[in-house]
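Chain lettering (A, B, C and D) follows the sequence in which the chains are written, and residue indices restart at 1 in each chain.
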């Protein structure tokens, strides 16, 4: 018995070790090759010679703007849909089951198809042109299924007792949702949000066709702007001798994701602490 | 707390987006879309052009030669970019060559083979020769690197060696040049074909690849495409892109300028 | 689960209506995407010409051969392989964070996993191409292969499984832990016998999300899989997946070739629908009642 | 006095006229021919009885005989259970609670409910009490304060928690949590408290405290309590209703004053159950 328990512990540690190892390999590769390029100037300059020299300032700005655009759309739409699915719909109804199917399928659409769709629909049909706006909207489409699924799962995991308690006190679902359910589910929601932000910042194929390739400073969200992932892809695949700058940009992108993750989880923990006093 | 910071962010964003709408698109804007091979070059040309023509904005987009052709035809772009010649169904469009891209066979540096005949290359690509010792090299299986269907370099290669794509026995199929170079540099038994300029740069840079001398040079044109005979700003830019003012930019991207065409 | 709700008063009704409209918008989006795909693929799927997707030998669109089956098998092999590897690792690391790691290790470890989710696929691809492919080439050329694609994809979907499993585990009610501890269960039996099964719904959801993501992943697989159109017969065979097919050739495709690429996108959607449908069949069941 | 009692229920043999009346037997709930089914499967049928104002009515019987279903029908929480259907009449304070004109939320503020497992919200102690108040329109700060004080006082929790109202309700012991839940129900000033085995998840000492408190609340509130603890029912209840399952459907077997029902049951099933021979 103790033997089994012991070996299980060892297996779990080994698994964690493996994950860490693979990650370490990947990241150290990026850090070793990208660190020499990293400097204040690299962050603050415009790119020159197709990005081989100069910096990535306009690209960082474009990336953040695209992400913001996507979030502005995805947060209300995604959280709203998830709340409807988890709290306001009857689970067994056909409509809900169809919706779920649709979401799962949406999660599996290859990013390049999203890109081509965004190109035809947002850039073309809605006449938004190749712009940060089009790119953000396309990304939003990709993020939706991830955010909805994880938020829904988070809400479903909230103990039923509190819904009963709320009902017995004659409270509205809205109050209960806002005061109890959402705060309690917020770690799961944050995890989902981070997952989808991660996917969005890492996205290349969908953005090449929508937000575009222009590497100058965007003046507005109607301007085309190059995202970091697109920049990395272009440097490593199309620009001869772009590898160094490519790794440098990859390092910046990873750092950016770290910062976003940290601030999001801090924010959500703060909210949690404020609302919920949970015992762990 | 969360809701407050969200509101703040949202407000900032809306203010920003609001100013966006005020920025009306001027008519001094030119949109180029298409080939990912041409795009980095066109982008640099555009930057230089913008400098000498204040107020003009040129947006260069990438996405592939076919996109360049389609966008030029539908008018979504003022100028398309293609790293190939127009085919018959596209003869209604106008193409303007701005540079050439040569193609070279590359091997891994550790491979002692220094030249291959056309017949040997044919046999390697059709799978009749599968090991380097059959052409006088070490005992080592050959990794044949081919390009994906539709790419102009593939067509050029097939045409030059009189091959059919369905007869080629490839071990790896790649998209872009750099992927080809990375594949060959990481594999001692690999053979592939990529842009000369890219290969020369990487070889000089220390990447473990080597170029094989070719009996006759292979090259493809890099084109700008318009729907009609160009006029106005588009015409100015195309003429600029074909002028000697941009030779240094072309060389920087390891292409061959019009002044010294290789074909 | 969540059907035990307070009675609707007006605010609830309006909120419900508003939310369902949002949901409708999202559903509309997918329908738009599928319609878009279908309309682009229409030239090659109308009439009975779609049959050539399944009976052509090989994929040579310029020679009018449109065999998609080898790529379908390759897509399945790569995705299932990646999930088989990523599932134990992902679940294991979630268990590690929740129940084994001391706090000083657990927190950084979990941020590492989240971070992994944000690494762009190009970087995974680049790393796979320059580090993993040469390594595997030493074992069995050409290196770019089914195995490489599986390994790279494993790393890419691991965070999805790990993060969703973890949030499923962490939202288990505390009394469950106490109860099983009270039964003097060993930690392992507690986790394997009680906690993981109870959280299984969330975990399965995460695995599904990961599988579907694996099916749809493009850039990284394109860079490491070798992209030769053939039915995989071994781990070291180079293969081409459906998404890579689109990305590789779309840039240069015109006419029927282009339409055929959209058809391969459509086929991928059909695949995803099958997977989703099967999972929903597997996990459907128990209705929570009262009393 | 109890003329409506027997109608439509052949099993209800007991009569409240046995023994001294313990309190004013003014009907607070009049239940007539109540039946509950889930997904078309009948779990409780043909229940008629009256619940008297200010009295404690204990519902006893084995598990699964429909006691909890009966209880949730009284504040229409059963509406929310998927597949649940309730038929019959329940008249509460002069109105049939199944009338379309009934405001269910208002009903639930008048009929509070306590669950088997303490379920305070994962908020601070204060917020647990504040939330329902604010939800029902109490905004005045000092009014909220005094109501919180009153509610905690009446469950005997004030002295225990007055210094840590900001700390998590989940940090309280099980018994304290349950009393907090009762305070949370009381703060809306209901006239009825429904209690679904409120002590069964608690340790004996906490259980004793809660039981004592329930007794103190009697008189001010009408209390209906489901309990498996016969001794407890006997100690605290004025009236008792015995449920039993026949042919997989729950039925009310006997209803009457508590002591007579335990000491001289009219029905053989009741006699067997209370003596411990069966159940």
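Definition applied: contacts are C-beta pairs under 8 Å (C-beta built on N, C-alpha and C of every residue); 3 or more make two chains touch, one makes a residue touch a chain.
Since this is a predicted model, take the numbers as computed values, not measurements.
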Chains touching both subunit A and subunit B, listed by label: C
Which two chains share the largest set of C-beta contact pairs: A-C
Longest centre-to-centre distance from subunit B, chain (CA-based): D
Rounded Å distance, subunit C centre to subunit D centre (Cα mean): 50
Gap in Å, rounded to a whole number, between the CA centres of subunit C and subunit B: 32
Distance from the mean Cα position of subunit D to that of subunit B, given in whole angstrom: 78
Where subunit A touches two or more other chains at once, by residue number: 90, 92, 159, 164, 167, 170-172, 236, 279
Multi-chain contact sites of subunit C, meaning residues that touch two or more partners: 3-7, 9, 130, 247, 250, 287
Where subunit B touches two or more other chains at once, by residue number: 36, 63, 67, 175, 179
Interface residues, subunit A side, partner subunit B - complex: 49-51, 65, 68-69, 72, 75, 119, 123-124, 130, 133, 208-209, 212-216, 219-224, 234, 236-242, 267-268, 270-271, 274
Subunit A-facing residues of subunit C, complex: 1-9, 11-12, 15-16, 18-20, 22-23, 25-27, 29-33, 36-37, 40, 88-89, 92-93, 95-97, 100-101, 109, 111-124, 126-127, 130-131, 155, 158-160, 162-164, 166-168, 170-174, 186-189, 191-192, 201-202, 205, 208-209, 212-213, 215-219, 242-243, 246-247, 250, 262, 265, 268-269, 271-273, 275-277, 279-280, 287-288
Residue numbers on subunit A that touch subunit C, as the complex places them: 1-2, 4-5, 8-9, 11-13, 15-16, 18-20, 22-23, 25-27, 29-30, 76-78, 80-81, 83-92, 97-114, 116-117, 120-121, 141, 144-146, 148-150, 153-160, 163-164, 166-167, 170-174, 176, 185, 187-188, 191-192, 194-195, 197-199, 201-205, 228-229, 232-233, 236, 246, 250, 253-254, 257-258, 260-262, 265, 279-280
Interface residues, subunit B side, partner subunit A - complex: 1-2, 5-6, 9-10, 13, 16-17, 19-23, 25, 31, 33, 36-37, 39-41, 43-44, 47, 59-63, 67, 76, 175-179, 195, 197-198, 201-202, 205, 252-254
Complex interface listing, subunit D residues touching subunit A: 75, 77, 80, 82, 104-109, 112-113, 115, 117, 119-124, 127, 131-132, 135-136, 167-171, 181, 184-185, 188
